[in-house]
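For reference, the structures are reproduced in the following blocks.
Below, chain A partners chain B and then partners chain C, in two separate complexes.
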Partner chain A sequence: MSTVDAAAAAADEAAVAQTVGLRVELTRSGIDVVDDLNLDLYPGHILGLVGESGSGKTTAGTALLGYARTGATIAGGRITVAGHDIRSLSPARVRSIRGVTIGYVPQDPNSALNPAIRIGDQLRELLDQHRIGTPAERTARIAEIMPAVGLPGDPAFLRRYPHQLSGGQVQRVALAMVFLPRPQVLVLDEPTTGLDVTTQAMVLSSLKELCADFSVAALYVTHDLAVVATIADRVAVMYAGRLVEMGPTQELFRAPAHPYTRALLQSIPHLHRPYRLTGIPGRTPSPGNRPSGCRFNDRCELAEDACRAEEPQPVAVKTDHWSRCRRTDALGPWDPDSRAGQDTDPDRERSVVLTVTDLNIFHGRNQVVHDVSFDLAAPEVVALVGESGSGKTTISRAVAGLHTQRTGSLHLQTDPTGEPAELARSARNRTAAQRQAVQYIFQNPYQSLNPRRTVEQILVRPLEIFGIASGRAARERAAELLDSVQLGEGLLRLRTNRLSGGERQRVAIARALACRPRVLVCDEVTSALDVSIQGSITELLTRIKNKHGIGMLFVTHDLALVRTIADRVLVLNRGRVVESGLVAQVLDHPRDPYTQSLIAHTPTLTGAFDASGSA
Partner chain B sequence: MSTAYAPAGTPTAGRPTARRRPSATRAWLQWLLRRLGLAVLTLLAVSLLVFLATSALGDPVRAILGRDYAVSPERVEQLRQTLHLDQHPVQRYLTWLVDLLTGHLGVSAVNGLPVAELIGGPVLNSAFLVLIVAVLMIPLALGLALIQARTRGSWLDNTISGINLALAGVPEFVTGILLVALFSTSVFRLLPAVTVIPPGQMAWNRPSSMILPVATLVLAIVPYLARILRANLGEAMDSDYAELARLKGIPENRVVLRHVLPNTLVPTIQVTALQLAWLLGGVVLVEYLFNYPGIGALLVDSVRNSDFPVVQALTMLIAAAYVVVNLIADALSILFTPRARTGMVA
Partner chain C sequence: MRTLARDPKIVIGGILTLLIVLLAVLGPLFAPHGEYEVVGRPFTGEGSFLGTDYLGQDVWSRVLYGGQSVLITAVLATALGVVIGGLLGVTAAYAGGWLEEILMRTNDVFLALPQILVTLLVLSAVHEPAAWIIVLLVGLTHVPRVARVARGVALPYVTQDFVLSAEALGESRARIVIAELGPNLVVPMLAETGLRLTYSIGMVAAIGFLGFSSDVGAADWGQMTNENRLALLVQPWAVLAPVLIIALFTIGTNLIADGLGSRAAKGAE
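And now, the complex of A and B:
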């Protein structure tokens, strides 16, 4: 305790922005969204604020600007930015600080830049509003900042509208906008979500440079631990509205001292090592449903009665590294490799279920996939990896018979003893056995399940369609299916809108399994989910593959995830396969320059160690 | 950073802008021609419908002559010829269409006056009514919606919403009758209950008699318009770009004016156009209620008298107005949506 206070006191003098005991509540109910939040930001340093959805990290970020969304209020604590006590200032004074002294980079720049205003005018608005410099100086400043974020600053470019830029360019415009008035403090809210890895790497490196050059103190809010490891100097981990652990990046990743941080780290795949991911049981409690005592107690393996009874206080683990856990002593040493698994044996026997030959796919007159050939064995996971626009989803849709504008042939063996037969272009024209044998799991479980139906109806339907079971037998089978995706029977009666994202995706998997497929097409099945859920879903898919002997086509943009789940991988670039082979081979010894560039730009946890030259 | 593997879809910087101007004009021209072609097709289809419908009204000669039908065969024959009833229906349609296109609207079957002369006054009166209502309804609805959006969730917002909902639920003739009761008959006697316009004079010569019809229509349209605008504004005010503007330190009034309003312009235009088109269709009930000498009242009279040249001319006019208003609204929508505007060129 005392060391923590002492460290905080020493830090006070240098911190340019600070929150002390910050509390944000829901206006109506008074329930806390964020509570007892202490953050310090230092010039030239980036503090990573990590948390899953519902942790309150975005609320914490905007609160630093004295802003709370409609329905929420900043209810307690102190916010200091460059010597200003934000909460005691008038709204007009706060506005004069926002944008000038403290800037904000939004989560999704595509929706955060005004679609009706040219980017040059949007950049200029801030300078005009705060009367920074003369009009000529403003123009000069805009022309100057654009190259700094890697964009052309010519008038023609500035006359464009946001929709005329790519995702990465839009994000860099947002960065330019925030750096324009030379703020002392920055809040960045997941600024690279939805960007491809190469673009993300560009944005992150511009950001890091700009923060160092302008000696800006930044708060980087994200759910992505690997990004934080690459960019942040210090990391704060947030859970259910509270900070649970804070420390220097290297130190925190080398010796995480909170069970939640450890569980998060265990849900993250690694590019150069196949880890068995575990995930975290349960779900992040929403405001109002958070347990008493330690808020993580209901999901924590180490929880004891005292954890439920009393609120834990921050415990210093090392200088400048603390954890809000009563049982840090019981945690034991941290060994990230304890969960390391085996790469696929290159000499194993393969029994091929699906053969794809010379696949060419078209969208209208555009050819989007060129001459793709591969095969899939059972059990096996073949990953299709690529950035947006690489054609990976299109290929999977063609395999499932959802995209019909194609040439080339698909051959599927519907039962282990039978002969492979050609698949028709459209799922409609395939035989019932073929349709049953190929099942599809969609990216977004919030959209792929009918909200008007109960889980039981959703699971019984395919059983009846394919004549696998009906009536009572079907209902019993539905319960078994739920059990096989680690969900309780009690969910059967619920409509899907009552389920969490992870539960929904499990139901979607169960629905696919109901058909006893030979081939399961998984289209970015974890990208809409939190990392802890991604971990458990990946684990589940691996178990299903081995138990049921299913071949999976796993579409993803995440190379690290490929290492954990897949046996073989196809790297796609603009509709062509640039490299394919065993996962270990491709990821550890990439031959194609595109694969090399993808791997080089994928952020990793060890980024924190590589930067310092160790590990 | 290997530029050779820049992600697909990254537009190459500095797209040539010099070539854009002429091709933009051409793109607009192409769009306009295509839309005009479609408009002509629509009107042709409408003309066919109008012709069939008016033919189905029954034998106009019998309706016009009434009891004389049986006693004066020569008048029957004469009327049949003026109305081209002796021709084959297809030929009659073509004759009518050619006449219509060359500006010959024919003569009234009832009183033998040229149709153009007959409908001229009512058309102007109705157009004037619509103009006044349009001029009032847009700022009123927008103003109300803005006040509500700025005070969301407050008692003021809720009160306006409640009144709007109540008014939107009441048919316009009920509103009209209530207004008449309030201002002309039962409570106050300030305004004329019906429009009395001496021959040779137009509606605008009697401003006092326009107040109640205008008020009725405004009360019928504004609540509906305001509700839609309020919903659009609310959505735009919760958008990420409005939030970012606030976090840039832009004052709320400016956020609304510069960031929110431009993005709600297009739905505003579309909804307004729909309402305008509805108004242009001759607000039969309101004109009838106030005895306002507009096309609505004329249309009802003409249908009753089986004066089908007038019915045909008026329906075609209303259809044309409908098409034109929608065309203008679509052009404006494209103009005010940067994505659609630049998409025209691409």
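And now, the complex of A and C:
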């Protein structure tokens, strides 16, 4: 503890923004959302604040601006920004500091821009409003900031409206707006979520340069460890409203010293090696349901009685690296390679279940997929990878008979001994056996399960439709299915709106399994879920594939995930397959320039180590 | 359900509605005089506390007798309108494409016709219309309005993946509309039902007031206002009593509809 204080004290003078013992609580109940939060931000440095949903990371980020959402209040601690004690200032004074001394970049950049005003006018308005500089200086500042964020600064570009820009450009304009008043401190809340990897990489690199060039101290709030590894100088890990570990980026990823950080790292895939992923059992407790003592104790393998009894204090692991875990010493060395898996054997035998030939797909008059051919064996995972608009989801929907404007042929072998038969365009026109054999799992489990039906009704229905079981047998089968996706029988009577995202996705998987499919189409099934849940869902899908001999068409934008789960991969760019083959082959020796650029721009954990040398 | 009891709008509306329904259903049991019994001279304070009507019948007793027909007609008409309109609207939303266009554009044409005009036009051609004709007329004139709302309520759901998922399993279209979409629309459609019930009561009372009745002379809140309006200044209660009761009932159902509507809007967030 003493070393931690000493390190903090030494850094105190340099920190331009600081929170000490910050506590945010729900106004009505007094339950803490965030407690005992100590953050220091240094000029030119980026602090990554990582946490899953419900961890309080966004609350912590906005608290730095002296802001708490409706229903919550900043109840204790000190917030200092550029010498101002935020909590002692009048609301009007705090507002004058926001946007000038301390900037905020929201997750959705479009919400920061007025769609009806030209971007140049919006930038100028910002300076006018805060009365920064003379009119000539304002023009000069705008001309200076545009190239700095990687945008053309010519009048023609500034005359554009937000809708005339691409997603990445909009995010850059949002960045320009934040940097324009030359803030000393910046809070960024998941600013690249929803961007394609190539765009994300560009935004991240310009952000990093801007922070260094303008000596801005930044807090980068995100759930994505790989992004943090790429961009942050230091990382703080947050769980259930508390910081659990903080340290320099490289150090923290090389030797994570908190069980939660380790569990998080074990649930994310790596681009350059296949790893066996594991999730974290249970779910992040919401405010009010957090356990006493160490807040991670109910999900931690190392927890002992003392962990439940008493809240642990930060323990120094190294200089400037601490962990809020009393059992840090018991953790043992960190060896990520112990979980490494095998790449697919190129010479294995394949029994093909699905053949796709010359698939062309249309949306109205637009052709969105061009001449795609591939086959899928069982058991096997074929990944369809691409950025948004690449046609990957459209292909998967055509396979499931949910998108019917297509030409080309799909042949499916519905049982291991039978002959492959042609699939009709629409699911309705296919035979029951064919519909049963192809099952689809949707991206968003909040939409794919009817909120007004119980889990039991959802699982029993496919059994009835395909005559697999009915009545009591069906209900028993539903319980077995839940068990096979690691959910308890108690969920059967619940409506799906009572379930968490991970639980919903498991129910969706169970529904697909109920049909005993030959082909499982998974459309970005983990992208709406938290990192730790992504790990366990991936693990579950792999197990199911091997146990039931299922061929899986796995649609994703995440190349690292492909490495872990898939055997073969098709890389799609604007509706065309630019490269395909075994995963190891394609990812380690990409030949197409598009694949190469995708791989180069995918953020990786090892980015933290590479960056120290090259960038 | 428990949270429903905490919404003051729903509670007050519910109590009002329930009181009037009880009055209409149980009223005849407590009436001091018969429905057609002459208890004194017309338009005087004779009889029980509300005085007599144009034939010297007891107003309070006729108020107690006169609710059933109005309420039953209104409830049946509402149910008819909501079921047909709801199915049409949800089907249009789910089908999309040209079917939706045909259904909704036709609907728009009917929407342009004032409810009361259409009803009166048909009623004027029928002598002493049977009760079911009134139910049918009022119900059908609700259909275009309900259909429009139902389509709007169903639209956000039809694009959700659970509908696609049911299609992939090969569920029939009818089952998707009724079993998958239906349950999600119950609460917002209940709000619309409350509103339609309010209109139904008004329409049925208005039809009675205008003298289109299947049983001239019988006690009926709408008809009573017509029968006694001549003496509004002499014996106002003969008109005011049924009018006030109708007003209270519509306020009650409206409050419930409003409460359910705002809850549905909250739930959709």
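Odds and ends about this structure:
Heads up, the rule we're going with is that the second predicted complex is superposed on the first by the 608 of 615 C-alpha atoms of A that agree within 3 Å, B and C clash if a C-alpha of one lies under 4 Å from a C-alpha of the other, contacts with A are read in each partner's own complex, and residues count from 1 in each chain.
In this text, a residue touches a chain if its C-beta (ideal position, glycine included) is under 8 Å from a C-beta of that chain, and two chains touch if they have at least 3 such contacts.
All figures in this text were calculated on a predicted structure; none of them were measured in a lab.
Once chain A of one complex is fitted onto chain A of the other, the partner contacts of A:H411 are absent, as it touches neither chain B nor chain C.
After overlaying the two complexes on the shared chain, residue contacts for A:R452 are found with chain C alone; chain B is out of touch.
In the superposed model, A:H370 makes contact with neither chain B nor chain C. In the superposed pair of complexes, A:P462 makes contact with chain C only, with no contact to chain B. Of the two partner chains placed by the overlay, neither chain B nor chain C lies in contact with A:R87.
Contacts of A:L165 after superposition: chain B is touched, whereas chain C is not reached.
In the superposition on chain A, A:P115 makes contact with chain B only, not with chain C.
Note on chain A: of its two partners chain C and chain B, the one contacting more of its residues is B. Shared contact residues of chain A, touching chain B in one structure and chain C in the other, are absent. Chain contact summary for the complex, chain A toward chain B: residues 62, 65, 67, 69-70, 92, 94-100, 103-104, 106-108, 111-118, 125-126, 129-130, 151-152, 154, 156-157, 159, 161, 163-166, 168-169, 177, 196, 198-199, 201-202, 387-390, 573-574, 593-594, 597. Only residues 400-402, 427-428, 430, 432, 435, 438-440, 442-444, 447-453, 461-462, 465, 511, 515 of chain A touch chain C when the two sit together in their complex.
Per the touch definition, chain B reaches chain A in the complex via residues 1-2, 4-11, 13-15, 17, 152, 238-241, 243-251, 254, 258-259, 262-263, 265, 336-339, 342.
Chain C contributes residues 160-162, 164-165, 167-171, 180, 183-184, 186 to its touches with chain A in the complex.
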